[in-house]
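Starting off with a structure, shown below.
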Amino acid sequence: MDGTLSLALANLLSPPVLFFALGLAAALAKSDLAIPEQVAKTLAIYLMIAIGFKGGVEVAKFGFDTGLLLALAGGAVLSALIPMVAFGYLRAFSKLDGINAAAVAAHYGSISIVTLVAATQAVQTLNLPFEGYIVAVAAVMETPAILTALWLATRADPSAKSSGESDGALMREIMLNGSVVVLVGAFIIGWVTGEEGLTRIAPFIVDPFQGVLCLFLLDMGVVAGRGLRQGAKLLDWRLVVFGLTMPLVGAAMAAPVAYLIGLEPGGAALFITLAASASYIAVPAAMRVALPEAKPAIYLTLSLGITFPFNITLGIPLYAALGQMIAG
Amino acid sequence: METYTKKRIEIIVELPMLRRVLDAIDKAGASGYTVVPVLSGRGTSGEWRGDAMIGDTGHMAQVIVVTSEHRIESMLEGIYALVKRQVGIVTVSDVEVIRPEHFS
Amino acid sequence: METYTKKRIEIIVELPMLRRVLDAIDKAGASGYTVVPVLSGRGTSGEWRGDAMIGDTGHMAQVIVVTSEHRIESMLEGIYALVKRQVGIVTVSDVEVIRPEHFS
Amino acid sequence: METYTKKRIEIIVELPMLRRVLDAIDKAGASGYTVVPVLSGRGTSGEWRGDAMIGDTGHMAQVIVVTSEHRIESMLEGIYALVKRQVGIVTVSDVEVIRPEHFS
Amino acid sequence: MDGTLSLALANLLSPPVLFFALGLAAALAKSDLAIPEQVAKTLAIYLMIAIGFKGGVEVAKFGFDTGLLLALAGGAVLSALIPMVAFGYLRAFSKLDGINAAAVAAHYGSISIVTLVAATQAVQTLNLPFEGYIVAVAAVMETPAILTALWLATRADPSAKSSGESDGALMREIMLNGSVVVLVGAFIIGWVTGEEGLTRIAPFIVDPFQGVLCLFLLDMGVVAGRGLRQGAKLLDWRLVVFGLTMPLVGAAMAAPVAYLIGLEPGGAALFITLAASASYIAVPAAMRVALPEAKPAIYLTLSLGITFPFNITLGIPLYAALGQMIAG
Amino acid sequence: MDGTLSLALANLLSPPVLFFALGLAAALAKSDLAIPEQVAKTLAIYLMIAIGFKGGVEVAKFGFDTGLLLALAGGAVLSALIPMVAFGYLRAFSKLDGINAAAVAAHYGSISIVTLVAATQAVQTLNLPFEGYIVAVAAVMETPAILTALWLATRADPSAKSSGESDGALMREIMLNGSVVVLVGAFIIGWVTGEEGLTRIAPFIVDPFQGVLCLFLLDMGVVAGRGLRQGAKLLDWRLVVFGLTMPLVGAAMAAPVAYLIGLEPGGAALFITLAASASYIAVPAAMRVALPEAKPAIYLTLSLGITFPFNITLGIPLYAALGQMIAG
């Protein structure tokens, strides 16, 4: 426990988290600080390449076992189930209507890559071993949640879904989404080129990685801060409570799965982090197309303004402790 | 220099819907369109700034279509069907063009 | 499809004044606006290119406001008070819209 | 607030020709112009997207010129001479302005 | 003196200065070379983060003494006083009217971070010790000059200031300006995380720093060159003389202050550099709002086209020599 | 021969080529993956600076001999002659009319810097010595091809050239093109500052170079893939054959020249690569202005969609082998 606390503190005082806080504070103080759009998009691609490639190299080094398949299956199932729990939680506890509850639920079934990146840093700092294929699990967890949420929404209100759009087309669009393609592609390239490939591009994707992450989190802080300023009026205390506790629910659902798969301590921590994290890029865009009546200000503010900061600061040390407990 | 009267439709639409709007424009028989970036905006669904967002949700673009009067009706219907439940606005105005064969 | 006549105001304004112009638009009661980036330009105060500048001075953006005829007068006055000593231009034109409830 | 009638020319032109079009506008006596970026488009010469290109070929920009009626004729001729063998479109519409001394 | 000369030559032939010259030459030759806007903005943020963070780490390492407070106060006073001298100089020597003279004066009271960055490189090359908190002094010197200049302008012409704008709102806007926020924020983060934080992100903010500076100065060269081409016709020889000598006046005013504060040789050189440098981002934007009648082509061309190149090439070696003299 | 094969395989499985393939595959699968425009432009400038600077440093280290002048002259002559051969080839073999054939021919006489960059990587991996001044040769080879092509086009159709545009103005524009200026400028700066300059900025232009190249080639893959999707319908099998064999024709023309100049094995390989590569930035833009009737979809698809991928994957190992043969 003491270890968890000191880890939490170390995490809070690490440069990435402090830069996130700086961005958040700047936005709340109405500073015009912002990373230009095109650069922010490129930083996101960079993070995908770096984490995907390194994951692939790990797999090339240590090979892979049935664990990979189990983890992929476990991740997909979690992504599909978590939205049901989230939906039930919201309908029982908050005042959200069916459509908005379904839209929010989709976000929590899906995942946040930046949260995974930050967790990977923490896990490495702690020297916890982890499976490189977790990034492949992340890719698999992006989309099932959306299908569950659409099903929940149409059960709640048959007219909820925007007409004329087949689920298949939407799924295809999300899975061909640039970030997923880069993540999976870099994973495969890392796998194919292995250590030798890594040596060639390490000065680009390894050495400056933490610094780039700081810059990206500075921007995420700005985005979260502005989102909070815009969206705060739509969130009552019940929704805030949901945004702070739903990650724990996801983590609790993922922990036994991680145990059953037999993941390493670090791998379990990352797997749990994926379940606990919420999407803020792919799922919101899908919701705009498929459930246009759901309010983006609600789901985006929850995911970006409440859950993301929670995970980055307090969640990750917790999931790391959890991973060590169940797999240690 | 002789000019010919056409209509200019300008659509401000959210990025996640852009591809679908462009497809509707194609289907309505326009010979072309132009997409212009948008930096920020305000409307009934609040204020936004592109450089303070991540992802396409809530981020608008502007589509310009120059087309013949007789296509307007069906085009507006196609677009309206798409955007009626979304954020976004549509305006139509008169313009003169110099190369009429360029527009259908 | 029924359309309704509105006015489209387009303002080209220097970035350091942008926030103030948007506030004036809000104050004049418009229900929204859209800001579009500008790459380069020329006017009475010379020629400029965004990628050959550092900082916002001299860098323009374009603001689009669709609003009702009856708001034009006060809106133009508010904007004019702001930009009369600055660089920048304002044009007004007629447009048709399809969702009148969207604009005030 | 008194307004004055002017013409607004909007030209969508390929980047390699932009400099030449701006020079033609200058030569035709306009007091200014504004260049706006374009993200993507479709026309008789196909579909394109700026972020899937390298270099300026096929990449468009939009030029806006506000000018007096009496200059339109010669300006359109100058522009037409330039773009008649290129891709690109030109539209002209009526606008009101508030500072007439700003435009020639 | 010989040392100064050889230092000046070394500076002139260093990659950053040569890249600046390349950009300048390209722009004067009407090449279309340019760093895209969003990237240039990001490079500026990068420089702020790097210099701020490293300054903070220095303070964490060596602690700080009353020197910090003295330097902050001295910087603020200089920023407020230099515009008066500049204004007097311009009114006596050039043909500028009161409003334009006040606007130009504001720029010379405020500072240029990139000049500070370049000076820091020079000072490090010379192994001159300097106080990390100088970057905090830079932040403090951004704004007082503007207040002085507005006061000078309204004294010269009571209708000069744009109506309806309170000075307070404008000051708030400038102090919440993205670059100031990032500079100060990174300084604090560097201070908090210290050497350990630096180790984590050094491959991003330390190792490639000089290379990034080259890229940024290439862009500054382009900007300066175009500014010169556009603005040259507005500058007569008197203004050019002002632009070349006003930095020396600022330096002369700062040198005794640096001596009194008791700064180290490198710190004194940097302090003098701040006083000698002129703003080209924050102050021009403020002038557009507050003194719209003043001509940007005059103040921007002076600051960016004359004074910045002078400082980057000849000024910095001079200020380094001066710093060594007074503190050596 | 065996060495060539294993080199080809190693090249195919290197990270840069695999990232190119990833971009290509993503675009063909209609993913929305793309590097934002402004960033892609900056990456191109970065590559120019890096390769130019390093070339200049090599010249500073080893001095230069008459080889430089011979290589410059040889490059210029090749650039002017290759379009004639390409034009004859196209008129005899394909169904292209005179104007389109001339426009295509111009591209093959000019060069592709990214192909040169990739070839330099390969040559370095093989430890083949090469002359640093090859980058200067690249700059000289950009433009002569355009003049030849315009002459060919007006011979084929006197009304082909757009009126009112003097060749001189167009040439000036191309030679002041941002990338040429940066390439040559960085070359000179590298030359002037030598090893010492390189040490200062190596962590920016050397260490992360291969990683940045991967990112750039990812983008090139996307661009090539989209180009292929758009332009495929305009290319019949004859044009595809041309696009795959014309680089070999260029290589065959350059090999004896490289031999006569007496280039080192790596230098010969790079010289041959330049001749074999085709322009896709400067020449297309020039053609839009000077030969507006020629179809960009034809020349761009050939150059970017056929020849560039061929060179990057199979061509370069071949040219490396050729270089070793003639200079070994």
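As written, the chain order gives the labels A, B, C, D, E and F, with residue 1 at the start of each chain.
Here is the rule we go by: a residue touches a chain if its C-beta (ideal position, glycine included) is under 8 Å from a C-beta of that chain, and two chains touch if they have at least 3 such contacts.
As the structure is a computational prediction, the values presented were derived from the model and not from experiment.
**Q** Hop distance check: chain C to chain F, minimum number of steps through touching chains?
**A** 2
**Q** Under the over-half criterion for shared residue numbers, do copies chain C and chain D use the same patch or different patches to meet?
**A** different
**Q** If you tally contacting C-beta pairs, which pair wins, C-E or A-F?
**A** Top pair by contacting C-beta pairs is A-F.
**Q** Which chain has its C-alpha centroid farthest away from the centroid of chain D?
**A** Relative to chain D, the chain whose C-alpha centre sits farthest away is A.
**Q** Taking the mean of the C-alpha atoms as each chain's centre, how many Å separate chain A from chain E?
**A** The separation of the two C-alpha centroids amounts to 41 Å.
**Q** Calculate how many whole Å lie between the centre of chain A and the centre of chain B, each centre taken as the average of the chain's C-alpha atoms.
**A** A distance of 34 Å separates the two centres.
**Q** Out of chain B, which residues touch more than one other chain, so two or more?
**A** Residue numbers touching two or more other chains: 36-37, 93-94.
**Q** Can you list the residues of chain A that touch 2 or more other chains?
**A** Touching at least two other chains: 34-39, 203, 207-208.
**Q** Can you identify all of the chain pairs that touch?
**A** Touching chain pairs, listed by label, come out as A-B, A-E, A-F, B-C, B-D, C-D, C-E, D-F, E-F.
**Q** Spell out the residues on chain B that touch chain A in their complex, using ranges where they run on.
**A** Within the complex, chain B touches chain A at residues 14-17, 20, 45-58, 81, 85-86.
**Q** Help me check something: in the complex, which residues belonging to chain B touch chain D?
**A** By the definition above, chain B touches chain D via 1, 3, 6, 8, 22, 26, 31-37, 61, 66, 93-99, 102-103.
**Q** Can you tell me which positions in chain A touch chain F when the two form their complex?
**A** Per the stated touch rule, the residues are 36-39, 41-42, 45-46, 49, 176-178, 181-182, 185-186, 189, 192-193, 197, 200-205, 207-208.
**Q** Sort out for me which residues of chain C touch chain D in the complex.
**A** 10, 12, 36-44, 60, 62, 73, 76-77, 80, 84, 89-94
**Q** Residues of chain F touching chain D in their complex?
**A** 27, 34-37, 40, 44, 162, 164, 219-220, 222-223, 226, 230, 280-282, 284-289, 292-293, 296-297, 300, 304
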